[in-house]
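This report refers to the structure that appears directly beneath it.
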Amino acid sequence: MRGHREAIGVAVVVAALIVAPLGQGNYIAYLLCSWLMLAIAAMGLNLTLGYAGRISLAQASFIGIGAYATSIVTLAHYPWVLGMAVGVVLCFVVGLLLGFPALRVRGHYLAFVTLAFNSLFFLVARNEDWLTGGTYGLSGMPRPRIGPVSTSGQLAFYYFTLAVALLAAVVLRLIVRSPWGRAFKALRENEVRAESLGLDVRRLTLLAFAIGSAYGGLAGAIEAPLVQYIDPGSFDVVQSLSLLLMVVVGGLGEFWGPVLGSAVAVLLPEALRVTAAYYLMLYAIAVILLMTRCPGGLIGLARRIAARPARRRGAAVS
Amino acid sequence: MAQFLQVLLSGLATGSIYALAAVGFSLVWQAAQAVNFAQGEFVMLPAFLVLIGEHWLHWPLWAALLFGFALSILLLGLAFKRLIVQPFGPDGGLPLVIATMALSILLKEAVKTFYGAEAEPFPSLLPNGTFHVGGAVVSVRDVLNLLAALAVVLLLTLFLDRTKTGRQMQAAAQNPGVAEILGVDVARMTLYAFLLNAALAAVASFLITPVYLAKFSNGESLGIVAFIAAIIGGFNRIRGALVGGLLIGVLDNLTATYVTLSYRAALPLVLLIAVILWRPQGLLGDEEARIV
Amino acid sequence: MLELSDIRAGYADVQILNGVDLALRPATITTVIGPNGAGKSTLFRAIFGLIRVRSGSIRFGAEEITNEKPARLLARGIAYVPQGRNVVARLSVRHNLELGAVTLADQSLVAPRIEAVMDRFPALRQHQARKAGDLSGGQQKLLEIARALLLDPKLLLIDEPSIGLSPNLVRDVFKVLQGLRDAGVTVLMVEQNTKAALAISDDGLVLELGRARMHAPAAQLLADPAVGRLFLGAAIEG
Amino acid sequence: MRGFMPMRRAAVVAIAGALVAWHAPAQAQNNKTVLIPCVCELSGAGAVSGTNYRDGAHIAVNEINAAGGILGHKIVMHDYDTQTNPMVSRALVQKVVDAGAYVVMGTVYSGSTDVNMLVTEHAGVPQITGSEAPDITQKGDPYIFRTSSGSEKDIPALVDYFTQTLKVKKVAVEWVQNDFGKGGHDLFVQAIRKAGVQVVADVPSEQGQVDFSPDVAKIKQSGAQAVFVYVNEEEAARFLKEAKKQALTVPLVGDVTLTDQKVIELAGPAAEGAIAHVGLTVSAPVPSIQEFVAKFRKIYHHNTDHNGIKGYIGVYAIKYVTEMIGTFDRKAFAAKMHGLTLDAKKYPGMLLTTSWDKTGELSRESFMTQVKGGKAVVIATIPAN
């Protein structure tokens, strides 16, 4: 029953996403692309943090690795798929390495290690001009061709992004629903118990980091042809913090949390544009209130609201 | 040699400011298990409160300073604890971290919108002269900053070790459950830690802003350096934060002078990663205290 | 002395104490026994104001003390030594003792009282400048008991004092408790080593599923075959 | 059910947000208005430059509208905040182009302009940028126009100053590692070496850096006879203070920022003697500029930097060029502006006589200034090139 309804819901949303940009001009298509791109990165962070319980403040650097890899490869006239693959694999490997500290420390300490990693990535991207273009960045990346079809138009690129994002979501769903996914959750809830259940905590932790980082790389592979310009500033610590904010505001450890959180982050500035200079302040206050009142994020809030009438009915019966 | 002495002394002066921010940071960390991502903004804000007193209310400097100090304690100490940390209960975890990140955005944006986005000069409270030591030029201000930071940390250590209230604060931070059954007012002791942090942030703010200039974005790098200093030194030790701050100030300058300029910002980060991985309790910390 | 009537308390959604009635006789040692999860530690936490009592009342002497804060209870003459390690590790032994007296209104009494408890526990005087965390487990437990005595309590709540102590030290601790009782202090104790505890107790209380099943002289409980089978044997074997 | 709910909510939020997003600005266009949006850095690292640019532009818009608009059309100027993020800036430029912008004002940060000029070029919409990085006008984009000359225009004047006026053989370069600093640094180092001068210390600094003691110590040690300082305002002030403290006595020469009024205010007496080449400056001893600066202060109660002037003259340039072609034709606008000179006597909104070449690069006369007695004083005037 529940699975059935969810399938219908997903179908409706996918249909909505397909028609969303039609007749809306390039801006909306572009905005939707940046949302989907951020959603992919946030989904990865949600796997590492929300499911496996290991904080990472380095997700922006993985978007950066993916974006630089894709840019360098496509600027050398190789196909996008190759650039994307290089970026994703590179992120997987670097993510695996960054997972090692997570075996030793966690919580705030892990946050600082990953934050330091992100800052180091920024310095390398800025200083190694020969590879990354330094402060000037790289520009003019071509958009991918799928067989005879070019995605250089905004709408075509949107459908391309949508396809990639849906694919990424399906794969993540499979991971989360698999024994692995359940093992990740067990890891977050209680590590000692996870170990006593015979789970290889070491391998799970490393995998959680590697897969989450690979999703960052995939997002970067979208960002490069989307913006057609990248520079080190686009991948600094502030971006990692804002990705973390998206995941937690959406709902940590909730499958749809990052999707919602990134939608809020992309669309809220638009929705609050009337408030001009005050919008960031309003956003900050809203986040503080949300966190103090409902640490489960927007999805937790929605659940709570949905559950309230039910509870009242239950109370009346008893 | 003169050059070495020059950058060493300057590094100590800068490091002493990092130390003040780091000490307050670790006080709050110990007392409430709260990592304050807005710590840098806590050092940025008090200077602007003084500027408001001076330029908007047209008060003399001493009154503006007093006003800035009192308001900092009220806002960054009392209100911060009551409105942001307290609602999370004893273990805020990640949502609390997110809330302090949002607070840092709020403080920055508020200063930028209501006071201004440009850097502003800030009146110097210390004499301006310079003197020569072995070929290096040292400003009186740098020396006084360093001495002030050392004095503050010394007084704080004495307070925590030598007074009954200080020891109650230590008990409340290290083992709140025990403190409670002994009748220690844990909530009050935690509040003291927040008030002290606010006071230290205000002092740091008044000391550095004449050099750093008052700008809404000043906290961005300072906050991170404060974390790094606290962790490198050992967050469960007040003097750890002091040593961590001074170490970063000095190493930063030595790297810039003798090793690399483009990567000058990398050294503290590498040091941080190394310390966390090989000695998570910090250089001066002891192992028994809990690792959050 | 201490009277509980129909106490109900617990954590979040779980109620642990389901209506405990109890009246302690002054200047006695009473040991609470019962299976794991019966609510023994919870009972102490409820008396000492560390968890909310949802209904019922607690009286101490003539006064109502239900849900009073620990600081108030200490002032009334109730002290509590929880199970496990409860010293402030980084403070010295002497400073730990001092912390036991923070609620004392007349702070000039602190120094003489510390002298008095150190007379009682000479090991503490010897180590008074050391960090409490550096003491052995047994010495730490003695320090905790000594700290609880600083306020001259009329009632001492002590939870599992013997855990982790050598048999010699357990004997010492029990001797201290007996001495206190002889000096007029009422002691309420939870102890896994039930037989030994009952042996020095005046009364015993059997707690089961959050209710007081039996409250009788210790000798009577020791002699009761049902009690012995249910609660004493297991403890001794385990 | 539970799994489905949040997704539906996400969709509702997304759709609601998007609706707000694309209906608001489109209504602004009716037959008697012309849409000139301002896409700027209103928050983030570029907020100071961006807000000044915007505020300057709005002064011009209000003046022009009060005098009847452009060809009888009132200017409608909405502001869009790029958050100093190139990706956002591209989205916003796309948005205003979709909404039918006649000409786009902004952005100031070169990193952003590099990206969003692709959009205006593709759509054939003229863009008046505040960016000064050299590459902007070197890409063959026929729709990009500057409001102040690119840094490559300033470098020859500076090199001449080092070689002919100061007659030094060894210089040090202090620069900030962002696109502004790197652009100036690369051009200067190349040009000064070509002129036979040795660069004895090449010192990069971080944006937002506060401790300049290693920088100054290194420069002192290098034996440089003069220093080229290419950093942003606050850093310039901190550098000057540290140089004064360590008694670095060689001439300190910069571009624009070093004698900026803000830097003088921040650095106090330490700014005394600093020299800078300035193209467009609020301290230029030209009555038209001084009038504008006073006007700006009266309206916004704070001082502007040269970005305020850039925003102001950008909007006036749009007015003058459109009135020359007599219609709102974007292509004709761009064609007219290439190779155009607007004489400040005839076109007072330009403040100074200004010309654009075929790439959209700009030139006007510039000045060498030096801080004397707490004020930037012109010590030489350099003709337009």
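For reference, chains read A, B, C and D in written order, and residue numbers begin at 1 within each chain.
As a convention for this text, a contact is a pair of C-beta atoms (placed from the backbone, for glycine too) under 8 Å apart; a residue touches a chain by one contact, two chains touch by 3 or more.
What you see is a predicted model, and the numbers here were worked out from it, not measured in a lab.
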Common touching chains of chain D and chain A: B
Contact-graph distance - origin chain C, target chain D: 2
Centrality ranking, top chain (CA atoms only): B
Chain of greatest Cα-centre distance to chain C: D
Pair joined by the larger number of C-beta contacts - B-D, B-C: B-D
Intercentroid distance (Cα basis), chain C paired with chain A, Å: 53
For chain B paired with chain D, centre-to-centre distance based on mean C-alpha positions, whole Å: 35
Euclidean distance of C-alpha centroids - chain B vs chain C, Å: 43
Chain centre separation (chain A, chain B; CA means) in Å: 33
Contacts with 2+ other chains: residues of chain B: 109, 262, 265
Multi-chain contact sites of chain A, meaning residues that touch two or more partners: 126-127, 277, 280
Touching two or more other chains - residues of chain C: none
Topology of the chain contact graph, where touching chains are joined (line, ring, star, complete, other): other
In contact (per the touch rule at the top): chain pairs: A-B, A-D, B-C, B-D
Touch list for chain B against partner chain C, complex: 164, 167-168, 170-171, 174-175, 177-185, 286, 288-289
List of chain D residues in touch with chain A within their complex: 1-11, 13-18, 20-22, 24, 42-43, 45, 79, 81, 83-87, 90-91, 94-95, 97-99, 111, 114-115, 118, 135, 177-179, 182
Touching residues (chain side chain B, partner chain D) in the complex: 3, 6-7, 10-11, 14, 109, 112, 116-121, 130, 137, 139, 208, 211-213, 215, 217, 220-221, 249, 252-254, 256-257, 261-262, 264-265
Chain B residues within the chain A interface of the complex: 35, 37, 84, 87-88, 93-99, 101-103, 105-106, 109-110, 113, 224, 227-228, 231, 262-263, 265-266, 269-270, 272-273, 276-277, 280, 291-292
Contacting residues of chain D [partner chain B, same complex]: 43, 45, 47-48, 51, 177, 203-206, 208, 210-211, 213-215, 217-218, 220-221, 233-234, 237-238, 241, 245-247, 262, 265-266, 268, 302
